[in-house]
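Dropping the structures in below, format is structure tokens.
Two complexes follow with chain A in common, the first pairing it with chain B and the second with chain C.
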Partner chain A sequence: MGYNQDPSVPPAALSGAVSIPDALADLEPVRSVTTPLRMEYTATPGASLSKYLRAMKEKRIIGDVCPDTGMVFVPPRGVSPVSGKRTTETVDVADEGYIESFNITRIPIKGRDDLHPPYVSAWVVPDGSNTGSIALVAGDDLDLDDVRIGMRVKAVWKPDDELEESAANILHWEPTGEPDAEVPDMMRIGRPTDGGAQ
Partner chain B sequence: MRDVAVIASAQRQERSIDNESEVEFMVPLMQQVKESVGLTQQDIGFTCSGSSDFIAGQAFSFVMTIDGTGPVPPISESHVEMDGAWALYEAWVKLQMGEVDTALIYGYSKSSPGSLRDVLATQMDPYYVAPLWPDAFAIEALAARQMLEAGKVDHQRLAEIASRARTHAATNPHAVRRTEKSVEDIMGEAPMADPLRPSDISAAADGGCVVILAAGDRARELSDRPAWIRGIDHRTDAHTLGVRDLTQSMSARIAGEKAGVGDDKVDFAELYAPFTTSEYVLTEALGLGDDVVINPSGGALGAHTMMASGLIRIAEAAERISRGDGDRAVAHAGSGPVLQQNLVCVLEGE
Partner chain C sequence: MGSTGSKERAAVIGVGQTKYSSTRGDVSMAGLVREAAYRALEMAGRSWDDIDAVVIGKAPDFFEGVMMPEIYLAEALGCVGKPILRVHTAGSVGGSTALVATSLVQAGIHGTVLTLGFEKQSESNAMWALSLPSPFTTSINAGAGGYFSPIIRRYMEVTQAPELIGAMVALKDRQHALRNPYAHVQDPDLTFDKVVESPMLWDPIRFSETCPSSDGACALVLTNEAGGDAHDGPVAWVHGTAMRSEANNYGGRNVVSPQASEDCAADVFAQAGITNPRKEIDAVEMYVPFSWYEPMWLESLGFAEKGEGWKMVESGATHMDGGDLPVNCSGGVLSSNPIGASGMIRFAEAALQVMGEAGEHQVDGARRSFGHAYGGGAQYYAMWVVGADKP
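Let's look at the complex of A and B:
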């Protein structure tokens, strides 16, 4: 029997009645076991991420600067993955950038009722950063067919009185309508540092 | 067998590291070790680490720690969900295969964000045992009770182990429990997980350890006195506690025999003993006599960084060999409830 290739067909184990041995015929079959699991943690984000989250409250996006290469990493994690060194300097990057890649999600995600498919998840590179990060691209007039690599986007922030130490302060990114950025180099590492794509 | 040695190590242990993430506190250790032998990440043949996301309660935390090695251009790397000592074992095998001449190994954790004794309940059988949430202290107390009832140890002996560990830890700058305490005072402590008293139980810490292994002439070139791994073996007992005699450790005994512990005189031993009772079981299983100094660092009773404590035992033993404090040492790492898994390593100077 080969693998079922049709995603709409449920797995065989769930597709029919549960069969049980004769010796257990009178018993109610056990269909699942629930193990209560709860662990509480008081996590601390670390020095670098703390700084990033505090900047977020001021509607600023900051990145770490690699001490060897000068590359800027957003979000900052306190280390340069290129040199393996601790970063000591942070810089502000723009709340504008371009789409390096994207996908369109057409199925709902459990627990995220705030996301209404179809929606666009994009890899957005802010101006001044060498790396991008995952972001929601949305907008009232956004035409999904119009979303493309190189599209210029700008962060849409929560209202000032709702800002907190959270990356969720950016509700989504919306197209600016500017001419597309040229994306010269798909290699994330080695991208020129002069403010992203031209 | 190819000659492989520990040539450098670094560690950091603190009661709680609040202001740094795991990668933030591991990077300086990795850099320090590499610089001490003049190697860059690109000179290192293989990198292997041990950690567990359950400890800090952070999903995929080890993925971020890889960034701390500086993996550009890409490196040969692996990870074990075990103490870093098992990462060292994997690297040792790779060195034995002759594929590489050097390896970087690290183990780390931050247990302070959660309750380690409770988090460890999640390593139990998830159907019959874990739903009852037996914490690590309670499980060890079952073993301790059996040892006491069988007359294998008494409270006096356990208090002596605890007191000696504290005396040793007092001289170790990396230990977090560094106050000396007399046997009498320890005997007077109120039990925490009856019959275990607070001093019978390890001192949880945040931190990590980084070690570099090198083979043959490369090791001699990079270190004045490498600590050669003359034998290394690890064994596991059954997971189900009910099928084991918790008053002894067959897996530690076999690992010790395979590693060649008894082949020559042992000057000192660094044993991963998160409880005084575990130290008793291990000294018996490994046949270590009264002439062997046990845990000169204070062991896990002085500082217990989960996922690194075993690797730290190897690092501590190797440091002492390299310094010339002794010629032959036993280092041990353990994992799982009541030392289900045991790794034994024999280190020698030249």
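Let's look at the complex of A and C:
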């Protein structure tokens, strides 16, 4: 009763158990069928995200404050992911910040013709926020080799007459040319509550 | 918070895997899981009559687009009328599933349980499934590599690790895979230079530093102490189990070494009475879908000091040939990645090592081994320590 070291040997219980009727012997077997599916749905963002999306229409980014640690989370969710407590304070953060880290994506995503590799996918931390989110960093004269951790960036918004209740109002983030930000040490040891609001 | 109270001992008595490949076109999902399950039963010398319950896991349903496949797989497996439970923890699910099965034995609810993880990536598009646009946030993330590559870049920057450490891991795991006939990637001609010259997908991650997409299933038969004592064949005893999770984005989060990872490792080693994991563990099967995660997890799990994991890789410490802590002797996730099974394969391969059944990739004299899985945004963790001796 040892482990089967030879994958070409099937388990005895399944050996020779399957046979194809003579009438089907000459037909090409169907191995798989591709069945495209489509699903449309209405999503309700809830109270916190509704506030966030309405602020987006005014070119403002807002976040929630954790009542225990004072940390600011973007987007607001109504509950602190650190303490689990309901948040009571919402604040504006800047539409400028820094790159916490990034990649240069060189492969396409199926069905996403709006993205054109290579592009910079970065964790951008807005000033006044303690969390980053993944965002596109771009710009007409952006040199991919020049993108770096700590680089200062600012949001590029859609024209005012195209603004909606949507995070897509920020087209991308572009470098400001300011000196690099100092990035908090991600390797430190300790509980997240050891930190504090910036 | 270690586990407390009295509980049944649990033991692995059967391991079954399928040959991992990009397309198993000869079988359906049902045929795939049957193959792994029957192999595990065969090794355990048991039949379905001896199995009290089935615990099954896979990646989210929208990967293959089959909703709640466990419902029809119960019939396909031949376990209709027995309890069947599905576990959902993203990429770590294979590990979590094995631990849920173990807990049913440890709690005395069932005497013998079959647990199984699977994925049929040929019938899905994982990168698409992991890149679904969300209505409320921007979505430009190209699959798992898109998410994990900035974290890897942070690790590289903070530790100042040489740029080619990831290529060393990639080559090592593919060399190990040549000794495992079940491994998907079998490339005897791969060289260090070929890894380095492979195209950047999500800079700084290269193609050859990335896991493949695989079809496959892995199954374990777990039994209680009486079952393990009476078993006439190799046994791997469970010495410790732990699961942890955390939110994937909060202020002050250490994304390189998340708190849940460190807490989970500390718990599982404490349960096993291990104070120096590097010395006391003989073989490691850790979840490394992108090569740089080997040094990152070595540090997070306590096998290396912070900032020193890459030095272990560079010194060859994790290579089967001459290393003191062989990591992923099976070839790891970098060589076979049926997502829902990938975590369970780590647990299964850890068991095979202490059973002395790992064949050509056996670590001589392995007495205690470690199995590890992670998932989501590096936020779900499942780990176990198994041993040749009863704890």
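The criterion applied here is as follows: the second predicted complex is superposed on the first by the 150 of 198 C-alpha atoms of A that agree within 3 Å, B and C clash if a C-alpha of one lies under 4 Å from a C-alpha of the other, contacts with A are read in each partner's own complex, and residues count from 1 in each chain.
Criterion: a contact is a pair of C-beta atoms (placed from the backbone, for glycine too) under 8 Å apart; a residue touches a chain by one contact, two chains touch by 3 or more.
Because the structure is predicted, anything quoted here is derived from the model rather than measured.
When the two structures are aligned on the shared chain, A:102 is found in touch with chain C, with no touch to chain B.
Of the two partner chains placed by the overlay, chain B and chain C both lie in contact with A:49. By the touch criterion defined above, A:85 reaches chain B but does not reach chain C. Taking chain A as the reference chain, the count of touched residues is higher for C when chain B and chain C are set side by side. Touch criterion met: A:123 reaches chain C, while chain B stays clear of it. Contact with chain C, but none with chain B, is seen for A:111 once the two complexes are overlaid on the shared chain. Of the two partner chains placed by the overlay, neither chain B nor chain C lies in contact with A:67. Within the superposed three-chain model, A:37 lies in touch with chain B and with chain C [touch as defined at top].
The contact surfaces that chain B and chain C form on chain A in the two complexes overlap at residues 35, 37, 43, 45, 49, 80-82, 189. Chain B contributes residues 18-24, 27-28, 30-31, 41, 54, 56-58, 64, 67-72, 113-115, 118-119, 122, 126-127, 130-131 to its touches with chain A in the complex.
Across the complex, chain A meets chain B through its residues 33, 35-37, 39-50, 77-86, 189.
Considering their complex, residues 1-8, 10-14, 31-32, 35, 37, 43, 45, 49, 52-53, 66, 69, 71-73, 75, 80-82, 100-112, 115, 118-119, 121-123, 129-136, 149, 167-168, 170, 184-189, 191-195 of chain A touch chain C. By the touch criterion given at the top, residues 15-19, 25-26, 34-35, 38-39, 41-45, 65, 122-123, 125, 127-128, 131, 133, 135-138, 140-143, 145-147, 149-151, 153-155, 157-159, 181-182, 199-205, 232-234, 247, 249-257, 259, 306-307, 352, 355, 357-359 of chain C touch chain A in their complex.
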